[in-house]
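Next, two complexes with subunit A in common: one pairs it with subunit B, the other with subunit C.
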Partner chain A sequence: MTNSRTVAVAPPAAAPRRVRLARFRDLALVPAILLLVVVGAVIDPVFLTKANITNVLQQQTELSLLVLAEAIILIAGKFDLSLESTIGLAPALAVGLVIPVASNGLGTDLPVALAIPLCLLTGLAIGAFNGLLILRFKLSAFIVTLGMLIVLRGLQIGLTGGQNLFDIPQSVLYLGNAVWLGLPASIWICGALFAAGILALGFLRHGRAVYAIGGNVDAARAAGIRTDRVVWIVLMLGGLLAALAGLLMTGRLGSVASAQGDGMIFTVFAAAVIGGVSLDGGKGTLFGALCGVIVLGLINNILTLGGVSAQWIQAIYGAIILVALILARVTSGKAQD
Partner chain B sequence: MTSSGAGTPAPTAATAGTPLPAVAARGITKRYGPTTALLDAGIAIAPGETHALVGRNGAGKSTLVSILTGLQRADTGEVRFAGEPAPSLSDRDGWRRLVACVYQKSTIIPTLTVAENLFLNRQGGGLIGWRSLRRRAADLLDAYGVAVDPARVAGELTVEQRQLVEIARALSFGARFIILDEPTAQLDAAAIERLFDRMRQLRDGGVTFLFISHHLQEVYEVCQSVTVFRDARHVLTAPVTDLPHDELVGAMTGDAGPLLSSGAARPAVPAAAETVLAVDGLRLAGFYEDVRLAVRAGEMVGLIGSGSSGKVALAETIAGLRRADGGTVTVAGSRPRPGSVPSALAGGLGYLPQDRHREGLVPLLSVAENATLPIAGKLGPAGVIAPARRRAAAQRMIDAYDIKTSGPDQPVNALSGGNAQKVVLARALSNDPRALVMVNPTAGVDVRSKESLLGAVASAATAGTGVLVVSDELDDLRSCDRVLVMFHGRVVREVPRGWADADLVAAVEGVRE
Partner chain C sequence: MRHISRPATAILMAAALAAGATGCGDDAGSGGTGTGSGSGGQIGIDLPRADSDFWNSYAKYVPRFATELGINLMTPTNSQNDVAKLVANAQALQSQGAKAIVMAPQDTGAIASTLTTLESKKIPVVTVDTRPDKGKVFMVVRADNRAYGQKACEFLGEKLGGKGKVIEFQGSLSSINGRDRSEAFIECMKSKYPGITVFEEPTEWEGTKAAAALQTRLAQHPDIKGVYMQAGGVFLAPTLQVLKSKNLLVPPEDPKHMFVVSNDGIPQEFEAIRKGEIDATVSQPADLYAKYALFYAKAAVEGKTFQPGPTDHGSTIIDVGGGTLEDQLPAPLVTKENVDDQALWGNQIGK
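Right after this comes the complex of A and B.
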């Protein structure tokens, strides 16, 4: 070992071209979206009308907010399954606290103006409680939030007596109904939140910390990042976004169903994974996740327009999501984790 | 100058006439529950020197590293940097300006780019300018002569490149004291040499190193002084020039004596012994081509080569983990189905994988379960595993291989590196293979455990197993009857026992006489 003296030069760096390509990985779903648009236009001329496109986008707003929340949580290397119950419980609790007993209210009759703050606070509190269990008590995020999913759904049914709430205050309905500059307000809100999220996760130190934590939590801690605090904030943000999604859904449908959000979580995860977010943490972008949402929304719309019978649509939709996951796996060339 | 014996070297005495030590730890005691990791231990490192810290697994080296880097607080004792008391544990930036550590476990985040790893959590306020961040990273890497594209994803780097990035990052904090925790364990010989060159350059620039390694030769090559820990205590500190090899080993193990001689006295293999492992015309594009070798019963054959020589891929092909493009592997007269591990095992092959953590052991299962995995079918009828028989079989292995464990039921991840490796070896030998293939069998294993591991291998050979030892470590190969050298995918030389180190290393590096 002593007589072999090599020049101290590391192997030359790989061609930068691959890196430049990597930056376009985000755009991987754009061709799929274009293809779906063409398919939709061929199947039914109604597809490309402004009314239909607006409708598709608006229907996806609640889902997209959950995906936004879930994507950030997944990038931080955690899980939150309870989002699909938060989207129901938060508005149900807030509305229940302000409407009279005659309308299935809880009898507290708080001022109506408090409905929206109460709803958002409920979301924050749920996220904070998840964080308490996961970070302080070191429980597995998967099983904690699975438990919370059931508990929160049960709470909503218990509090409302299993009834749908119809007597919704005007303020709560507003966001899901209003039209700003020719587009539903909910689309503007989602767009703005995604833009803010993309900016924060791409260009802010604290946003990059989320990636660092998901990539290697020990290394992140060694770099001086307060990992527990960041994850906690991310989980609270997730709850907040789910509550906001609940407000939008309530406004769009004009009521709080007792099963509001039931079964959404699979679609949320599917959109995130199709959009390139890794279940292992540290990988993926919010833009990719948004593309995942749009792909699923278009597929759903095309199935409806294509006249697939209502009894079969669920099975076909689920199967298509699985195929999309397989395609995403094959095209990315890496094992999905 | 040799301050032998227990206790802590007084930094003032050890560095009389010189400036304050760059780093001094005194009277450090650290306990984890009932285990004492460090007992009144210490170290004093003069500015600008490269100081080695050696000791067997469990001697307290890692604990000292975590105390010197401010990740843990000592129960008693103090740490000083150039005479100043160490910052408080919560002041991470303060620590990082004083000391940097390249840990065995990577602190690079694989999913982020090199540039972002370099400036993690200090990307600057406000919006991050990616272009300028990459430029700063490129400047930093240039300044230390590290040829890595800052825009690459860190997970794609080689171990060597990753270490260089970590060293550059460490230096960029202004730290002039760097701890390298077994940096050479995963590098091939050429990369180790490049690392040493770089360490010498940095030392000329005034950087102080604490260098931890199991390879004593490296200590002599790159360090000026050495500190030995044994059983949680400081044993001695001395300049390496004053300390012969055997004394150093003696200090580590607590007794002097010849080492790694086991197996040297094996009887010669009779010429008529049958061939138990034959490789003929084996090739795998990108790794090796037209490899031909034969191992006879009772023979030990070494295979050495640099990281790019294809030797590990060859071993993995023989074991059935990879499938060759062409050629044949014959084990004890039969040809296992290519690319099938069960078929190779059934054919009479034992295999000791390169990475015991990833491929060798199931960490949460007990010693008994790990040791008996391949012979589970023989422990009871119809797939049922009789616990009593498994325990008995495991206990036999524990006795035979001198595995230090609280019993067959202890989870295998609680064992030290050397003992865990013995479990892997016991398992590889559990179904009496005709041929045994081992890859880096003593990586990350202390001196004494090395000896007993190699002794166990030698006695298996004496009992008639043909052994192929694939390793970079010269000590692993000393008891081999002959050593084959691989270079760029071909077997280029064969040397009989009794080779000179320099010759073999020259052959590995492709230097022609």
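Right after this comes the complex of A and C.
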């Protein structure tokens, strides 16, 4: 512990500067968001109603949790592609273990109360297993999690026989459905988790250690940070958040689709990178990543409200993302990486 | 990982995309081997994917009808929605001695050269569900997807009395089935019910996109009265969940009721129809797909030929151009009145 204390003291020389720059990157997307809000309001007055804004936020909750997980992992200098399969497998396994065979269950008929703990535990275990392969066996994080992405998706399809699970217990539906104080519970949950993440990464010693490891792992180790342990925890946290996202999505959509989350990882990376998180590790903030999520959500909503024709929607979606990036580049005046 | 260059990262991401796309699905559907020491040579079959309720039902029907028709069926392969795997599987089936091959190419363009190769080896091909853009096939077995859109349009138009607003969850416009349904639906709406406003929502067959579009549209137009979803398997649960959260899941007698028409005919849709949560679905005939695909494959091996015109099983063979024949199987509209009909495949497989 004395070691780590010296670490906490060592960085201050550099820290204030880094923080200021980071803040700058943070706010880079705010003009883009403001512009989108103006455009949205012009296209349709419904855009600014509480119901619509709530919808946009709720639709982005699952994505935002994956982005939260991925951003922390990227900042720590690692990769996790398997998140998109965890979001499907964790709830599918948990639900499969508690529902009867007649509803495509696995036949174990465990108590329904165990569904949520099982789901979260599955996510945690997947993260721990990723950590084992990456940190103990020294395999490339990219390839390990790419392999896991395929394995986990295959497991879900194997276990469920490729069926969508429709008979979902009430407890699993609750979080994705409930309304707390006038807003969907999932929005509160994501908001709280992002706030916790921003505080932890900005001010707590272990949070700062994540940046140190992502910036230069050898230097971090030399400075006394237990790099492997921190990264391992980060990977487990990633799996846990993905499982929670899976719960929210299952609740919101009322079923576990066999392709739940399929292809989502690219949107996750898009949001993180638009939000200023570097793929090379050590750079970026969670607030920025959250802005990235909101930008993507607003674009989707505006395209729907505007009634853009089906054939053109993808091209326009991509083009708007590029414009948002350029706007961020111009307003922050800083080269992106 | 940390020092990986950005272009390299981009390439790896692209690789991951490809792997991600092919990574979904395993060979869960390739379990059954048909027996029956049937007449003629053995018939190979490739299943298109293992991750959809509809195709899983199809996979279950295949060995059953093979036995019924006395076909010597090879172990089915599964191409996991990947045309490259389908090409490889077709080659494998051919080298294992298949005399005819049944396949369901989801990419209707990229299969052309494989069809040419098989034709030169004198192996007849029956395609199910889709019609190849190019290349010779013995028979296309396909439901009339335009009729799906047409029936959905007529049902909604009648229920809404020819006015109001409806929302349509389109499938993927890059698939022939999604395109056919979308085109037929909007054409019918424009010509027969010009008083109805249609919001066409592209979804790429993804439930999340449909749910988001429905929420947004309902905020914009709270007076939407009808929903047409092109695939119940992916859109049913998300739609019901959104309607429930808006308190719109009420019996048909209630003036707030939202009229929902679906396509697929899976058991969950039937259950929703019985409960009055949705109003109708078009049953895509999984059983007839399996039955007539094998029927035509067997006929091809035996050297039979077919002509355009009505068939003995309530469908019509049409010449869709270039000498390609297509047996357009009927797809019944299922409503509260006939939802318990035991002839529907959705009632056959239980839950």
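Here is the rule we go by: the second predicted complex is superposed on the first by the 288 of 337 C-alpha atoms of A that agree within 3 Å, B and C clash if a C-alpha of one lies under 4 Å from a C-alpha of the other, contacts with A are read in each partner's own complex, and residues count from 1 in each chain.
Everything below uses one rule, namely that a contact is a pair of C-beta atoms (placed from the backbone, for glycine too) under 8 Å apart; a residue touches a chain by one contact, two chains touch by 3 or more.
Just so it is clear, the model here is predicted, and its values are computed rather than measured.
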So, A:330: does it touch subunit B (first), subunit C (second), both, or neither?
-> neither
Please indicate which partner A:310 is in contact with in the superposed arrangement: first for subunit B, second for subunit C, both, or neither.
-> second
Who does A:212 touch here: subunit B (first), subunit C (second), both, or neither?
-> first
Using the touch criterion from the header, give the chain among subunit B and subunit C with more contacted residues in subunit A.
-> C
Looking at the overlay, does A:225 come into contact with subunit B only (first), subunit C only (second), both, or neither?
-> first
Would you check which partner chain A:52 touches, where first means subunit B only, second means subunit C only, and both and neither mean what they say?
-> second
With the two structures laid over each other on chain A, which partner does A:181 touch: subunit B (first), subunit C (second), both, or neither?
-> neither
On subunit A, positions contacted by subunit B and by subunit C = 214, 282
Subunit A partner, complex, touching residues on subunit B are 71, 92-93, 96, 105-112, 116, 120-128, 130, 145-149, 151-153, 156, 158, 160-161, 164, 189-190, 192-194, 197-198, 201, 217-218, 221, 501-502, 505-506, 509, 511
Of all residues in subunit C, those that touch subunit A in their complex | 1-4, 6, 9, 12-13, 15-17, 19-21, 23-26, 28-29, 49-53, 55-56, 170, 173, 182, 199-202, 206-208, 211-213, 215-217, 219-220, 233-234, 236-238, 240-241, 244-245, 268, 350-351
Could you please specify the touching residues of subunit A with respect to subunit C in the complex?
-> 44, 46, 49, 51-52, 55-56, 58-59, 77-79, 81, 84, 102-103, 140-142, 146, 149-150, 153-154, 157-158, 161-164, 166, 177, 214, 217, 249, 252-255, 257-259, 262-263, 265-266, 269, 279-282, 300-301, 304-305, 307, 309-311, 313, 337
Residues of subunit A touching subunit B in the complex | 1-6, 8-14, 16, 19, 22, 199, 202-205, 208-209, 211-212, 214-216, 218-220, 222-225, 278, 282-283
